[in-house]
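Below you'll find the structure, written out as structure tokens, and then a few comments.
A, B, C and D are the chain letters, set down in written order, and residue numbers restart from 1 in every chain.
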Amino acid sequence: MTQNTRPNSRLSNAQIAWRAAQDIADGAYVNLGIGLPEMVASYQPPGREAIFHTENGILNFGEPPAPGEEDWDLINAGKKAVTLKLGAAFFHHADSFAMVRGGHLDVAILGAYQVSQKGDLANWRVGSTGVPAVGGAMDLVHGARQVFVITEHLTKAGEPKLVEACSFPLTGVACVTRVYTSHAVVDIADGRFVLREKLPGQAFAELQAMTGATLHVDGEVADLVAPDI
Amino acid sequence: MDKRVGSVADAVAGIGNGARVMIGGFGGAGAPIELIHALIDKRPRDLTVINNNAGTGRVGLAAMIDAGMVRKMICSFPRSSDPRAFTEKYLAGEIELELVPQGTLAERIRAGGAGIPAFYTPTAYGTELAEGKPIAEFDGRRYVQERWLKADFALVKAHLGDPQGNLTYNKAARNFSPLMCMAAATTIVQVSRLAAAGDIDPESVVTPGIFVDRVVEVPHPQQEEDLVRAGAACA
Amino acid sequence: MTQNTRPNSRLSNAQIAWRAAQDIADGAYVNLGIGLPEMVASYQPPGREAIFHTENGILNFGEPPAPGEEDWDLINAGKKAVTLKLGAAFFHHADSFAMVRGGHLDVAILGAYQVSQKGDLANWRVGSTGVPAVGGAMDLVHGARQVFVITEHLTKAGEPKLVEACSFPLTGVACVTRVYTSHAVVDIADGRFVLREKLPGQAFAELQAMTGATLHVDGEVADLVAPDI
Amino acid sequence: MDKRVGSVADAVAGIGNGARVMIGGFGGAGAPIELIHALIDKRPRDLTVINNNAGTGRVGLAAMIDAGMVRKMICSFPRSSDPRAFTEKYLAGEIELELVPQGTLAERIRAGGAGIPAFYTPTAYGTELAEGKPIAEFDGRRYVQERWLKADFALVKAHLGDPQGNLTYNKAARNFSPLMCMAAATTIVQVSRLAAAGDIDPESVVTPGIFVDRVVEVPHPQQEEDLVRAGAACA
């Protein structure tokens, strides 16, 4: 694998997705949330093949079909057309969420508005106006053995997304296990943020200043590096 | 016993004002467009509709909402590529929304079909969607009590259906439909092809006929995505 | 239908099963308990065809196979070999009991040690010794729209089986809707036994004396007659 | 990823003393005789076994009980054409019995697989099998709260299995097996025939591979009824 040796000032969305993909084992059962998390599928390391679950009732779906080849009965949770890999299976929604809630997924990856140091996640609405919509997010954050969040480190307005306590409505309590951001990889352990990787070019103090809660160091902090993609 | 009926109009007979209606489909996959439009032709009002979404464009469920037939939506995701029908009514205070997490929605419908009046789930614990619901602790973890969902009618789309109502589905068009067939007092199915008794392998039946009341053949069903793309106002 | 014109002194087991079979509509979904209730399938009136459910996961099974033709993966709840009719379906146990508990069966027919005037049923054990075994009886008595009991009117020792309150361990509370005995057809209505049919040759007082609770009369009491079978 | 293992002995590796083991089958239909006898060869003790029945004759589950490996049975119907193995141990006080109504047993196992820690059922309300369990009223009717059942291992028999663990079953041999596959930490399956990836129609998969850990081919599985009739002491 080619890796960039020039330190990034921040990871792009694709690079965040790439970094998360490195932590998915061969044969893992994985659910990717709609949007940015879907990019993770593109960056599986060579020799590893995860089995992707979509909550609308497919295991082992693959790439999007060629334009014009869409079958609108063969879609993912984002309602985009997909294809099947060999060994796929269809099932109804109750069985699909039995897989989710019953702890059968190895990894669920979601986006976030905020993540708290206790692992609380806020990702479904930012206030009380408009039309609320939750989909499967509240189910996905419970049950999967590991719940990964991939996100920018700061909001567009420059506010921290990693916080002491979420101010936005919660999706789930104490559910996130690891966060991949544009600037760091952070575990949630015993109600604390534990820094695992940071950009080699950024000082810890600067990263801490961008983070809304204490970043604990517990063992080595590795360099967060990703290839140019 | 023969559950076949001759037309979509006959299939939706008896759905009156105030009925609680489950409608299969996840987005357009499995949406029983023809049954929905047969129901629109009859214009029952004050319906409570249970579906994962709340319609898109101006067809199917969105057309029902546009027609002012729906008093309340129970769904997980009332957004779509073109959600204006629901959004307009909702923001105007003309339609009620019960928002339910998708897995809880599926499990509540299954519970309705399986005679389970309530169950506990970790989903939504600690969130605003659990407010007012009983909480209980099992093995050191907290769970939300959720109640079954049942309906007067279910409208679903299946692939094959035989005279006894045994059904198969097409790919991910399965989604909520097998659950809704279980949870409704009267289950109405549009099938893309009628099969003779015995033509469906007993091993491959997804919905056994005991859950089905009426079957109508719609050999070339319209697909919501195509209709929305074509800008159809009504099927 | 040929019917006996000579009054019976009591109905045989086959005749009790025959009488119950007359109350099953064409196309009804029916579960027959192990033993005597299974005989009901043999006496469906011409032109009517019920769909039989067995709790181990088959809808629309048929007659036993010819001897030597048994497939031991194709059995009913009594673990006897069966065959399939056209339009059969297989399903797992949770779906099977969803049919039972969810109110999808039109009729369940069970045997009884005792039935109380409230509709309580005792049919799974007679005491607290030996190896207890319940199977699906406690599920079947809840959910089916009509729960029929078919039974002798008296125990072998001459004790009433229709009683004010069951003395044996209960299978279910207020669950039986109708009882077919060797001597009568009795509905359970508002916590009372209501006599619907009695043997034409037996006086009401004699039947009442054989019954452990008051037999109410509410409208016509028809003659209970069955063909010689 | 390939879940195939080469022998029944390898398939049952790791099942130790005190394990909680679900075993598929309803009577002999779906009983994984070869897996059971591979486990008997390893003689783990103090097992809790979950099955609808408690064995018949001297083969399969009955042979496990005879071998003194089972401390507790959780089942609905510990009787059979020849129940002496269980009966002897039970009457001697050497085996514990948790008797569960059949539909409640199925639903508890499904709940274990589906992450539902507890649910309410009308079954057994007012009977001795509900004693000590919480009771709640919904819509004017009383229900019993039942808890999920999970296991360390499930041993099941299926018809086809592919390398990813997707399974089909043969007729009524399906029974509890799809539920047990969901509810066990490690699910071990003997299949009558290995299928290549893609050989099982995705529409006809009964147990998706996500619920399966090990698959071993047993091309000519023994049938409990035949063994019992032959008076086999042990397969």
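Here, a residue touches a chain if its C-beta (ideal position, glycine included) is under 8 Å from a C-beta of that chain, and two chains touch if they have at least 3 such contacts.
From a predicted model like this one, the values you see are computed outputs, not experimental measurements.
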### Query
Between chain pairs A-D and C-D, which one is joined by a greater number of C-beta pairs in contact?
C-D
### Message
For chain B versus chain C, what separation do you get between their C-alpha means, in angstrom?
### Response
36
### Query
Centre to centre, by mean C-alpha position, how many angstrom separate chain A and chain B?
30
### Message
Where in chain C do residues touch two or more of the other chains?
### Response
58, 90-91, 94, 97, 100-101, 142-143
### Task
Identify all positions of chain D at which a residue touches two or more other chains, and write them in rising order.
107, 110, 114-116, 121-122, 169, 171, 202-203, 206
### Message
Quick check of your reading of the touch definition: is the inter-chain graph here a line, ring, star, complete or other?
### Response
other
### Query
Which chain pairs here would you call touching?
A-B, A-D, B-C, B-D, C-D
### Task
Can you check the complex and tell me which residues of chain D touch chain C?
26-30, 52, 76-81, 83, 86-87, 90-91, 97, 99-107, 109-110, 121-129, 169-179, 206, 223-226
### Summary
So, in the complex, the side of chain D touching chain B is made of residues 107, 111, 114-122, 136, 138-139, 141, 143, 147, 168-169, 171, 201-204, 206
### Summary
The answer for chain C against chain B in the complex is residues 26-27, 29, 49, 51, 53, 58-60, 84, 86-91, 94-95, 97-105, 142-143
### Task
Provide the residue numbers of chain C that touch chain D in the complex, in ascending order.
54-58, 70-75, 79, 90-94, 96-97, 100-101, 120, 131-139, 142-143, 169-173
### Task
Would you pull the chain D residues touching chain A in the complex into a rising list?
1, 110, 112-116, 162-164, 166, 182, 197-198, 200, 202-203, 205, 208-211
